[in-house]
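Order of writing sets the labels: A, B, C and D. Residues in every chain begin at 1.
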Amino acid sequence: MLINKFFIKLNIYYIQKNKKIDMKLTLEQAQKAVEAGIKKSKELNLKMNIAVVDAGANLMAFNRMEGAWLGSIDIAIKKAKTSRYFDMDTGEIGKLSQPGKSFFSIEHSNNGLITFPGGVTIEHDGEVIGAIGVSGSSVENDHQVASAAKKAIS
Amino acid sequence: MLINKFFIKLNIYYIQKNKKIDMKLTLEQAQKAVEAGIKKSKELNLKMNIAVVDAGANLMAFNRMEGAWLGSIDIAIKKAKTSRYFDMDTGEIGKLSQPGKSFFSIEHSNNGLITFPGGVTIEHDGEVIGAIGVSGSSVENDHQVASAAKKAIS
Amino acid sequence: MLINKFFIKLNIYYIQKNKKIDMKLTLEQAQKAVEAGIKKSKELNLKMNIAVVDAGANLMAFNRMEGAWLGSIDIAIKKAKTSRYFDMDTGEIGKLSQPGKSFFSIEHSNNGLITFPGGVTIEHDGEVIGAIGVSGSSVENDHQVASAAKKAIS
Amino acid sequence: MLINKFFIKLNIYYIQKNKKIDMKLTLEQAQKAVEAGIKKSKELNLKMNIAVVDAGANLMAFNRMEGAWLGSIDIAIKKAKTSRYFDMDTGEIGKLSQPGKSFFSIEHSNNGLITFPGGVTIEHDGEVIGAIGVSGSSVENDHQVASAAKKAIS
């Protein structure tokens, strides 16, 4: 049984190295991330929208805390998608999309991107397997909550 | 304490009768509905997308079970919205949107409606305070899971 | 070397049975499907648009034959997406979306679906890992070309 | 035979001068451009999305390399379209769409433009007959790959 588990892990690692597969984000992981985000939000006395997408950038889990900004539903989802679309935190993209920078106006693609902080990738053995998007407060708070959600499943 | 609770209930009743407030759907209720839907889906061996919207028809909670149809993300959310938009189960609207019927092609409004079963209202003292949308299987199964989700918070 | 390959195959099979991973569609497979579709179209003297999406319903490869209908660019892509969205051939969905049927007007979801034949799933060990969409002629011809494209990588 | 070829060339030249026709981009050319782009990307160890549109700014060929950014599917296609829309490389348009410049916010037109480098025109005898869009890395790399793709069919 234990040996079995060990071999499965070894095999998954081996196959991944050969780039033949992607690990799948589970619903349990997505829920755990959302819960951790809500817990952090309560600690900070914030009301947040929290979204999780999988490797295909498709929505997996979402929660809006009571009284959280309605406009942040779409922003949280778009942050999660944006982060997975480019395999980096949304704040990093935002640095490059300023006037005069190389990705200026990238937000017009993909039916609307959100490029300020609050979107973070979910990784497994160096591969991005999903992303988390948080919206409802300052970008610093959004990012902090998203990071707490990520940490809970890392 | 007990008397206190009684007076609060009385007050809520009184205020509601006078239409000054709507009871608000809590995140806890929304989560409970989603959980009940997932539990029912597992019993029936189904993979579902489950969405909950509040009185403003705005997304409150969403979960996609692993392996559930990707196209049902949008359908589950649209079913929940459609149900709250017209304060009835989506299947009822679908009867009226058939060719020759009074609401034919109503699906073109509101950026896309879904008018087949799987969307049900959430009520409190006769007022609609939100709705649940389920998608991932036959409309009969979708409706059954949505009903189980509704029952868990009624 | 040969033993290695055998073990990898065995392992992938074993891990997949345990639903921990998805096989990834390769670009080589996507290109091969497109090529086979073009070859079949030429045999039948047709001008087609051929699209391939991966497991996340995201575009992987596309070709438009010279003189093929311009309106079929979007239809071919939507057929591929629709097929992956519901893990079935588009024609099957179309049977259910007719007036009076259970999925009537489902086309209003997901930013527009195409539910007539020409979209087929790509499978690996019973899991859908992508889909092919073909548009440019009658639905019978579209489906025939899509099937030829699928066969080339099955 | 040789004389025949000469006369055809002469005729094409004559007709073009009189602006009665546009040379049409062939699917073979579009595929050749995509292949050259992929070859260059591999040399540079990059994962790219490569799109080719014809004179009508309609998609002709597209390939996404495995592991390339999902958000770059739309960007590659939009770069190709943007380039053909204004018959210049996307980077040139981007210089004019900066704050204070004459085309500021032009990205809001045409359902979304991409105005940073990576989109290049395809020309024939001084006429633009299509365009190539590449996305998946820095704008310098995107432009380099797009240029290699263009060169392969020039």
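Just so it is clear, a contact is a pair of C-beta atoms (placed from the backbone, for glycine too) under 8 Å apart; a residue touches a chain by one contact, two chains touch by 3 or more.
To keep track of the chains, here are their UniProt names: A, B, C, D = Heme-binding protein.
Being a predicted model, the structure only gives us computed values, none of them experimental.
A.B. asks: For the two copies subunit A (Heme-binding protein) and subunit D (Heme-binding protein), what rotation in degrees overlays their C-alpha atoms? Round to the nearest 5.
C.D. replies: To map subunit A (Heme-binding protein) onto subunit D (Heme-binding protein), rotate by about 90 degrees.
A.B. asks: Going by average Cα coordinates, which chain is farthest removed from subunit B (Heme-binding protein)?
C.D. replies: D
A.B. asks: Using Cα averages as centroids, what's the distance between subunit B (Heme-binding protein) and subunit C (Heme-binding protein) in whole Å?
C.D. replies: 33
A.B. asks: As a quick test, compute the distance in whole Å between the mean CA positions of subunit A (Heme-binding protein) and subunit C (Heme-binding protein).
C.D. replies: Comparing mean C-alpha positions, subunit C (Heme-binding protein) is 28 Å from subunit A (Heme-binding protein).
A.B. asks: Please output the residue numbers of subunit C (Heme-binding protein) that touch at least 2 other chains, ranges allowed.
C.D. replies: 24, 56-58 - these are the residues of subunit C (Heme-binding protein) that touch more than one other chain.
A.B. asks: Based on the touch definition given at the start, go ahead and assign the chain network to line, ring, star, complete or other.
C.D. replies: other
A.B. asks: Looking at the whole structure, which two-chain pairs count as touching?
C.D. replies: A-B, A-C, A-D, B-C, C-D
A.B. asks: If you look only at subunit C (Heme-binding protein), which of its residues touch subunit D (Heme-binding protein) in the complex?
C.D. replies: Checking each residue of subunit C (Heme-binding protein) against subunit D (Heme-binding protein) gives 24, 26-27, 30-31, 38, 56, 58-66, 70, 73.
A.B. asks: Where on subunit C (Heme-binding protein) does subunit A (Heme-binding protein) make contact in their complex?
C.D. replies: The contact residues of subunit C (Heme-binding protein) facing subunit A (Heme-binding protein) are 8, 11-12, 14-15, 18, 20-24, 54-58.
A.B. asks: Can you list the residues on subunit D (Heme-binding protein) that touch subunit A (Heme-binding protein) in the complex?
C.D. replies: 66-67, 69-72, 74-75, 78, 94, 97-99, 107-108, 112-117, 138-139
A.B. asks: Where on subunit C (Heme-binding protein) does subunit B (Heme-binding protein) make contact in their complex?
C.D. replies: Per the touch definition, subunit C (Heme-binding protein) meets subunit B (Heme-binding protein) at residues 19, 56-57, 82, 84-87, 99-100, 102-106, 108-111, 113.
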